[in-house]
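These notes open a run of structures that come right after.
Look at the two complexes coming up: subunit A is in both, with subunit B in one and subunit C in the other.
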Partner chain A sequence: MGGAELGQIFVNAVLLSGILALVALGFSLVWGIMNIVNLAHGAFIVLGAYITFFLHELFGVDPFLSIPVAMLALFALGWGIQRGLINQIIRAPLLATFLLTFGLELLIVNLINFFFKADLRSVTTAYSGTGLTLGAVRIPYIRLGALAVSLVLVAALAWYLKATRTGRAIRATGMDIDAARLTGVKVATVYAATFAIGAAMAGAAGSLLSMIVPFDPTLGGTYTQRAFAICVLGGLGNVANVVIGAAIFAFVDVFVGARLPSLSRAVTFGILVLLLILRPQGIAGKSV
Partner chain B sequence: MKRTAPIALLASALFLGTFPSRAEDTITFGAAVSLTGKTAKEGEYTRDGYNFAVETVNALGGISVGGKKYRIAVKYYDDETKSEITAQLIEKLINEDKVTFILGPYGSAPSGTAAPICEKYRIPMIEANGSAESIFSKGYKYTFAVLSPARLYLKGVIDLVMSKDKSVRTVAVLGENEPFSKEVAGGAADYARERGLKVVYQELYPTGTQDVSALLTEIKGRNPDIVLGAGHLQDSLLIVKQAKDLGVSPKAMGFSVGPSSPEFRANLKTNADYIFGSTQWTEALKYDGTDPWKTPKGYAEAFRAKNPKYGDIPYQVAESSAAVIAFCRAIENAGTLDPTRVRDAIAALDIMTFYGRIKFDSRGINTFKPMAVEQLQPDGRKYTVFPSSVADKDALYPMPAWDKRK
Partner chain C sequence: MKKAARVAAFAVLLALLLALPKFVSSYKLLTYTRFLILALMAQGWNFIGGYTGYAAFGNVAYFGIGAYTTGLLMLGRWQVAFFPALAAGALLSAFVAILLGLPILRLKGHYFAIATLGVAEALSQVADTWDSVTEGSTGIDLPLRTEGAFFYYTALAFVIGGLALTWAFSRSKLGNGCVAIREDQDAARMLGINTTLFKVVAYALSATFAALAGGLTAYQNIHVTPGDFFKIDYTLQMIIATIIGGAGTILGPVLGAAVYQLLSTYVWSRFLELHPTVLGLIIVLFIVFLPRGLMTVLARKRPRGERPFRPSDLLANVRAHRVT
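After this line comes the complex of A and B, so read on.
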């Protein structure tokens, strides 16, 4: 492995970390605050990807400009799903939440499949594949843009949770639901907001992924898996943990992928298992 | 259709059971094809190809065996894209429906489970849609495939590039870690070495991968003349996208699966230009056969006239029709309906068809038909560019570097 290659691999890993952080962000928020492992998270990502795809294909909207649209649409959908469905099982055992969100995932994926067919799609723009060249290292504009969007959204969410009233209410509910309720927090609204924000983040991730990978209705499943792994690696609790988890996942995946591609998944998830044994609370965070 | 099928089945069972001599004027082939499940689409192509050949043969008066004329028909079951069900259905076709000739299912896995059943009952099967050589490495005597095997999929691309450019030295092969693609990748690397090329990179990536930038970064460092990909459509799209991202610009790029599908152009737009794809068959090829349609063009026009919903004809349709033609010819050559003697006639078959040459090696694979190569060209169309003797346009070579294009 030469210097140029090492540089490129390092850059690839950094770029991947950003997008994976965004993929896991909403998942981690919903899990941490509501104690719901949202298996439909990947389906929300796919919806975001389709929104961006159709806005680009039908109206020529630049994919980056369609991100707010995807986020708003998913925010509304997330709010509706939380009030209509998730609320029914909020204090039910974990298994019930698994069943409900898994069913939701199947439903959404099959509806997309029914309406839009299983064809593979990608958003290809005039600037797709172009990028900066720094010596022997190339940084594609789309990936760089995706990293920037991810960082902005990660920072925005961190700020929102820390500095705003609703944000503090969300964190308080995550820490102790009964105490939060006693201090006048409207838990129902907080849960709806949390789930909606999680869905909106998934929508943004989907928009970005539609420019990076070819997708079909089943794309989400692998990203739910990754989000899960990242949450376990980083630990739940706060935004920084998600970023750390995503970075570990991306660096292991990319560096192992460069040397032993056929084993990359086995090694990545092997490390995950090892970590669970050695440090069940995650690298940085509170116990899962 | 649904309602008449059980009645027809009952009727034919009664006839077969009670008056075997009466049913002899129709030869019925058995087939278990995926009409539902994951490969429902391809299963439909297979069935349409079989049916079209059957209709054509019957319209021309059927086949003549030992001086007697027979019509032909196919008895279908749906294997639901589950290869264990394929095996059960083949067993049912042989034992209950008393079928003595089997047309293959769709795909390598079901063909692999059908083969041992045919072997057990000594019933010959000609299949058109299972190209993994693992089906043929077990010494079965009754299974034959009209299509080119997986290991030869990318041979055409290598031959094409070497005929264009004597200076190519190096090749990189990346493939999906899955039985069929592994065979394609391994076969391509072995053939490249045989032709004196140096394989500077050969790796497999996991199924369903979302990122191949790590592999492409390695490949870029080794600067190969040719990059070959053996995976599924999504992988091929991802490799092209990320090759452009990372500035991986070999002289030629070729894929076993992807470029022949319309989705390839739809996803990649102009980035699909200059890329080679291997294919079993295209209607642009210039074969001249002795079958009812003679040429690919003749076949395509006749097929579309009967099946107007088709635009481009998928190769699965053509190879399925070719399997029926091969079977009919072998039965005629054998001059008897005895399964074992028909099996010997299949093994000895050597015919030229609209689909290319059909002749089986000692394992039962048609290694005598070349894989064709298609190229997507900047005028937005797809051309068959290899083998040059049967191609419809010259290949554009080398592929211009990504940053040197308009």
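After this line comes the complex of A and C, so read on.
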């Protein structure tokens, strides 16, 4: 392959890794703190995408401005789902939470499908087709904006977990639930907040994705799997690891997609399984 | 219930099941056959997921391998008869499960679940891409066989065989070893249990059952495509059936498959478009209120003490796992 193609692959990977980091961060937070693999994460992404789509379609809201709306809506939904359902079985064996979140995914995606139909939709704005051209490499403005928003949100969450009282309570609960309780942390509230933040991150990612790719109600499923792969690559527990994992995954994904498009899923998952076998604790090392 | 009464009840049930094809329409018979095939898959999953406690999320891979092996052997150059072809599919699946299980079964918890999911995804794409053997996404067509009773009786025989095998398994050193692994793997190893061997055997058993179900479904459906025979729905159905009935029990998977098929058929006929929504809701309700399955309601002895099941236990189940 030529230098131009390599350059384009490199740029595409960088642009993809921002959104992947955002998707994986919410997923990793819920997994790391609550020990729940949230299979409904993809459904939250789809909800975010539809919120942005309808705000743009019906009221002409700029998709970037609808991100906070999507995040708020998903935050509320995540809080409700955690308090109403997940919290009821959080101490049950792993399979129970796995199946519960799967049932939720089934339910939400099918409901979206029922109300909004399986039509392929996309958000198209005045600036959709435009972009920067650097030599032979093209960078669409929307993807650049999406990368910027992703990075800002990732940094904001990192700061929130590190510097605020609630953020510290969340991390403390993830490290040792009993010790956290002894120091006066309200575990149920912390769990609800954690799950709601994870859902809000997924909502933001969905908003961004709706501008970048045409989507239908099944958009989210592959992103749940990718988020899982990224968490495995990076290990759980800290924001930097997730970002590194997302970057590695984006490069593999874009590169394989460019060279072997028909086998891209098989190769990506083959690598994932190999990694799991060789280093179940993740590349970056220790998990929480 | 006295032992004699129980044996009599089983005999009556068996006679009813044997006589069934004489009385129902061929469409209804198809539903009953689906139930039996689902029961077969659930019985298989019960070995690894129920007794051994490993959340295998990729068993559809073996369903697909069974379907394709059976189909391809019956076609083209070989023209093998159905049962030898089915046996070959089961053997190949067991072999693949052993090869994959050796590395994958070292993983625990979520990691194992996703690794199996990844293997199933990868195999699905291989079946889709390997045109020279599998005909890609067009799929293959098996010889036609229209008597519904043949499939029904074959599936019934397999399920009864599965019950006998599960019963023997649950009483054997192997079965007890697997339960020990589920409860505490390190302790099991210290007691001298060859954990790798036990886990791999349980995994291969579950693959064999899935392959039998796959081969049978392939012969019944005639047309085999990667999209239909590697879809994750099968994995989920076998897990849900096992959980609804009671994981790690002998009758649980069959009972769960019956309840699932009943609900699914009913929901399908009433709410065609909202079918997955209602199924999702059923899963959620079962997991929240009856995480240990229906067998805890039916069994005379509950895990802790002799007290029979009371409706208030539904709420107690919820409270036991809640965080405040």
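Side notes on the structure shown:
Everything that follows uses one rule, which is that the second predicted complex is superposed on the first by the 285 of 288 C-alpha atoms of A that agree within 3 Å, B and C clash if a C-alpha of one lies under 4 Å from a C-alpha of the other, contacts with A are read in each partner's own complex, and residues count from 1 in each chain.
Here is the rule we go by: contacts are C-beta pairs under 8 Å (C-beta built on N, C-alpha and C of every residue); 3 or more make two chains touch, one makes a residue touch a chain.
A quick note: this is a predicted structure, and the numbers were derived from the prediction, not measured.
Look at A:175: by the touch rule set out above, it reaches neither subunit B nor subunit C.
Looking at the shared chain after the overlay, A:265 reaches both subunit B and subunit C.
In the superposition on chain A, A:87 contacts subunit C only, with no contact to subunit B. In the superposition on chain A, contact is made by A:122 with subunit B only, not with subunit C.
Within the superposed three-chain model, A:72 lies out of touch with both subunit B and subunit C [touch as defined at top]. Of the two partner chains placed around the shared chain by superposition, subunit C is the only one that A:98 touches, whereas subunit B remains out of contact. When the shared chain is aligned, subunit C comes close enough to touch A:114, but subunit B does not.
The residues of subunit A shared by its contacts with subunit B and with subunit C are 262, 265.
If you check the complex, the residues on subunit B that touch subunit A are 174, 177, 203-206, 208, 210-211, 213-215, 217-218, 220-221, 233-234, 237-238, 241, 244-247, 263, 266-269, 271, 402.
Put simply, subunit A touches subunit B in their complex at residues 1-2, 4-5, 8-9, 12, 16, 119-122, 124, 128-129, 131, 133, 138, 140, 142-143, 212-214, 216, 222-223, 253-255, 257-258, 261-262, 264-265. Within the complex formed with subunit C, the subunit A residues making contact are 31, 37, 85, 87-96, 98-100, 102-111, 114, 187-188, 191, 225, 228, 232, 262-263, 265-266, 269-270, 272-273, 276-277, 280. On the side of subunit C, the complex with subunit A involves touching residues 49, 53, 55, 103-104, 106-111, 113-115, 117-119, 121-122, 125-126, 128-129, 236, 239-240, 243, 247, 273-277, 279-284, 287-288, 291, 318, 320-324.
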